[in-house]
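The following pair of complexes shares a single chain, chain A, combined with chain B in the former and chain C in the latter.
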Partner chain A sequence: MRAAHHAVPFSLARLGIVAGNTFLEAVRQKLFGFLLLLAVALVASAQLFREFNFGSSELKFIADFGLGAMVFFGSTLTIAATAQLFFSEIENRTALTLLAKPVWRTEFIFGKFLGVFTVVGVFCALTTGLLVGLLYQRETALMAASPEAFAQGCLIHYGDLVLIGVLQWLKFGVLAAATLLIASFSNTNLYTVVMGFFVLVICHLQYLARDAYAQVASLPLRLLVQVLGYVFPNFQLFNVADQIGVGAALDPLVFVRVAAYALIYIGVFCGLAVYSFSRREI
Partner chain B sequence: MKSNLANLRPLWTGLTVVAALAATGVLLRPFEQPAWVWVQARQPALRLDSIKGALGQGVTVGLLGGFRAIVADFFWLKTNSVWEDSDLPATQTFIKLVTAIDPRPLYFWQNGARMIAYDMPHWRIAAGGGYEAVPPAEQRRIDREQAEVALRYLHEAFVHHPDSPWIHIEIANIYINRLKDYGAGAEAYRNAALLPGAPFFPARIHAEMLRRLGRNAEAYAWLKSVYPTLPKEVNASKKITQFHVDSAMAPVFLERIRELEQELNIPKGDSFIP
Partner chain C sequence: MTPAIAIRGLTKDFALTLRGVKLRAVDNLTLDVPAGQVFGLLGPNGSGKSTTIKIILGLLEPTAGECTVFGLPSRRVGSRLNVGYLPEAPYFYRYLSGLELVRFYGRICGVSGRRLRERAQEVIEWVGLGSAAHRRVGTYSKGMLQRIGLAQALVHDPRLIILDEPTAGVDPVGSAEISELILKLKKQGKTVLITSHLLAQIEDICDRVAILDRGKLILEGAVNDLVGLQNRQSLIVDSLPPAELQALRDWLAARGHALDAVEQPRTRLDQLFLSKVSRRQRGGESA
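So, the complex of A and B:
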């Protein structure tokens, strides 16, 4: 069952077919629609929560709230969709049929990844677009009401907001690839989802391990913390949205670095998923 | 033997994956570091010291999800709820928790410090039997203790807002209103006035404090140095609006300068020329 693909060369067309099918399957799922609806509703309702805001400026609060909704529901969608789409192939035995044909496991894994990545891309594009529209509408109204507060010009850099949406998409890509790696050796959907959320939390707290390891007295523990800091990618690196709403801009070089960091991790995680999946009996 | 090796295959695969990820982390660290320094410099909340007060409080998921602002707002509501009950330990804990979760808004630092410095002494005196029962020396000791807690708290804010004049102003007000230390208050107002983007009133109050301390010559020199920098008329090209002109209160500065010239017996010929 593992040697069928040796008969044919690697094909981007076959990879594209797997990706296309994965995408269609994902958008047909209720989960995608449900999470997208929740995220869109939450982003759109950011204005209603203005009265609940004490600390930040109004635009900053809307930006924070909208991006928070995008990150929260986007992460949930990425993990759940990746696990579900992978295991639906295993549980329905379609993977068995598919891989019995001249299809590489690399094509299967990368196809699955691209399908999920496209779904998450649609999610990010819709929520970012909505947030841009909401902020533009509110900033225009505020500028008309109190022009002196905007003497220095617009507070929101809309181009940066789009770039932040792109970075969130790439972060979800890393998360999807990591979830695929877990799925490649896991036996159940539930285990993959739970481990996916653990990875999400660890990657967000990875920076604490980096800061903390120097303060750990015990040498073995210090080494362990240091290794953990290297094994998991740093998801807080994608947290560049703090400047949005206060008139500051995103450094383009930082954007390029973070994007390249994500793309390298996507490649590594997908490569390892292929390696792990190729050693698995299905 | 072969089956033993086959049994070890998942372990070998797992170790290979971990080793590859660790190697990737090591190789990418120099590439990632400049971007991480940039991100961290703009978000002091992304530091271990900042976050450790907030972890384990059931807010981690909120922070991870990106809802830092709204989680902090929720705890600020909670702070006000316990503040209404004059619950000192809870209020103090929540004040610190809010700024640990979201140290960006000055509002939290300013109002938290006010609760600690201005409200908590009254709660402690009330708990001791009220102003009639607590001796004045004890009242002053309580005032001093709470003011010191508030000042320590505000100094923590400098980690997140090193260039904010409003933190200096808050510190100055505590020195003046709670500790009656006009010297330290004057110094804090001076620090505020010297920061870029500072409002104009700290410069004026610094001079007033110097006058109160009898340091009229210093106050006179300070006002003379500040006056030329004040906006006196609207200038669109320099982005000076009517609001800037009104809030600068240049005529009041000049009035104080003239008063000090009289008090210091400055000869007419040596008087300040605007």
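So, the complex of A and C:
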């Protein structure tokens, strides 16, 4: 059983063990169950509001409402879970015991990320599955009631809805990696959560600043905004759900590009988190 | 023979303020922990014991000097393959059962499959938590936490075990049982580095001790050499009547010796306590 060699290479198996334990901790936390229930309830309640006329088709309203609930609760879950699952290790000093074993800090950080990413993946899969089910049920009922409105076939592209769920998952992955980066140098859970929400807002609104400052004459200011535009990912790119419910399909190339964009940011943020955490004194 | 731990000129400073004010936690420490011995690292609070242990475990980078574990620099992850560590005031994943916890750390250390199942069960039985193995760690008492901590430190069969205050907050019975476990480890050829404020316990189980104060090594050596009074011997005899005692004094004086003290031998309070208090079924302890 004793190791014959002293070299301990980076191990995906150890990374997986850390990730599995992180996932287990999250699942056994009440926060995950609470947010999941709220999201499921909200997605399901979209059906209750269908009597209102907001100027959109009923199916589109259900899709938008459901995806909105997924984004809101998913973002909250991502930031809260990442901060909590990281700081529970630091504050309870379980990180001390774990890192005193032959574990690379890279494995620890990527394991934490993968654990949170899996939690958020389960969340996205459940809410997307529920939304698909709701839309299918309603669309089937509407088709039976007024087949002339569906002369062109189904309005909902269910495959696209799943792809949008995947893109939301990747977006939450970027947010989790950014929160993990903040946590790697932050001293408190609260600071990490607050900064995580700041990052979320900036990432959602940065395109406005980019557009506004693109016309500014001052070169340094323009450069600064451009640099910040690269530092903070543009979450508007993930909003590809506008065509859902109106019969339009999602361009697969857009999906691939946005997914690659997310994976690059996840890699960079996690890499920076590893660098920062490797210098941290436990 | 390569020492289990070799520390050379180790210094560790902590920055207290952004303006560069520093606290020197460990100051030019040089120390060897021989393999196969129980070594006590002593000192008051803030003397640098825990900082030294964290450097040995690669959790902290020294400001200066070097530390090796079985010849490998402690900053290398590989140096921790043969180290088991029980932290001070251990706190483990509350949502895991004792068995799950030990298996988790075993897998982290590369033990797997049937060997892991057997070894996890073995160390849990060994620390006396067999009947509580399937209970959540969150329900464990302080003493049980120390025991499960010991089990996770031993699951991968390390050559060096580092115990930081293993008896802190543990009752005398639990403390005595931990001492027995440490002596069993020594019999198995393990090296044990232990810190404790229970000096009587350290004296009983350690081969060597080092005393730190304000980060500096002030004393190091074999326990018997350090605490044994030179040129003194004690004789324990049946109660002597005053006349015979006087005769003994005279006999010694005639040979150039002196009877320095006549006193009633005492048992130690912890031994008296342990002889009177029954040892519980530790695994069934409540939180």
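The definition used in the following text is that the second predicted complex is superposed on the first by the 266 of 282 C-alpha atoms of A that agree within 3 Å, B and C clash if a C-alpha of one lies under 4 Å from a C-alpha of the other, contacts with A are read in each partner's own complex, and residues count from 1 in each chain.
One rule holds for everything that comes next: a contact is a pair of C-beta atoms (placed from the backbone, for glycine too) under 8 Å apart; a residue touches a chain by one contact, two chains touch by 3 or more.
Values in this document were obtained by computation on a predicted structure and should not be read as measured data.
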{"item": "First (chain B), second (chain C), both or neither touched by A:P102", "value": "second"}
{"item": "Partner chain in contact with A:L190 - chain B first, chain C second, else both or neither", "value": "neither"}
{"item": "First (chain B), second (chain C), both or neither touched by A:F61", "value": "first"}
{"item": "Chain B versus chain C as contact partner of A:A41, first or second or both or neither", "value": "neither"}
{"item": "Touching partner for A:Y265 - first (chain B), second (chain C), both, neither", "value": "first"}
{"item": "Partner chain in contact with A:I282 - chain B first, chain C second, else both or neither", "value": "second"}
{"item": "Touching partner for A:A249 - first (chain B), second (chain C), both, neither", "value": "neither"}
{"item": "Residues of chain A touched, compared between chain B and chain C (which is higher)", "value": "B"}
{"item": "Of chain C, residues touching chain A in the complex", "value": "14, 54, 57-61, 72, 76-83, 85, 87, 89-93, 95-96, 104-105, 107-111, 115, 119, 149, 152, 156-157, 159"}
{"item": "Residues of chain B defined as touching chain A within the complex", "value": "9-10, 13-14, 16-18, 20-22, 24-26, 28-29, 31-32, 34-36, 38-40, 42-43, 46-48, 51, 60, 64-70, 72-73, 76, 102, 104-108, 239, 241, 243"}
{"item": "In the complex with chain C, residue positions of chain A that touch it", "value": "1-3, 5-8, 14, 17-18, 21, 24-25, 28, 92-94, 96-104, 281-282"}
{"item": "Complex interface listing, chain A residues touching chain B", "value": "49, 52-56, 60-61, 64-65, 67-72, 75, 148, 151-152, 181, 185, 200-201, 204-205, 207-208, 211-212, 227, 229-234, 236-237, 239-243, 248, 251, 253-254, 257-258, 260-261, 264-265, 268, 272, 275-276, 279"}
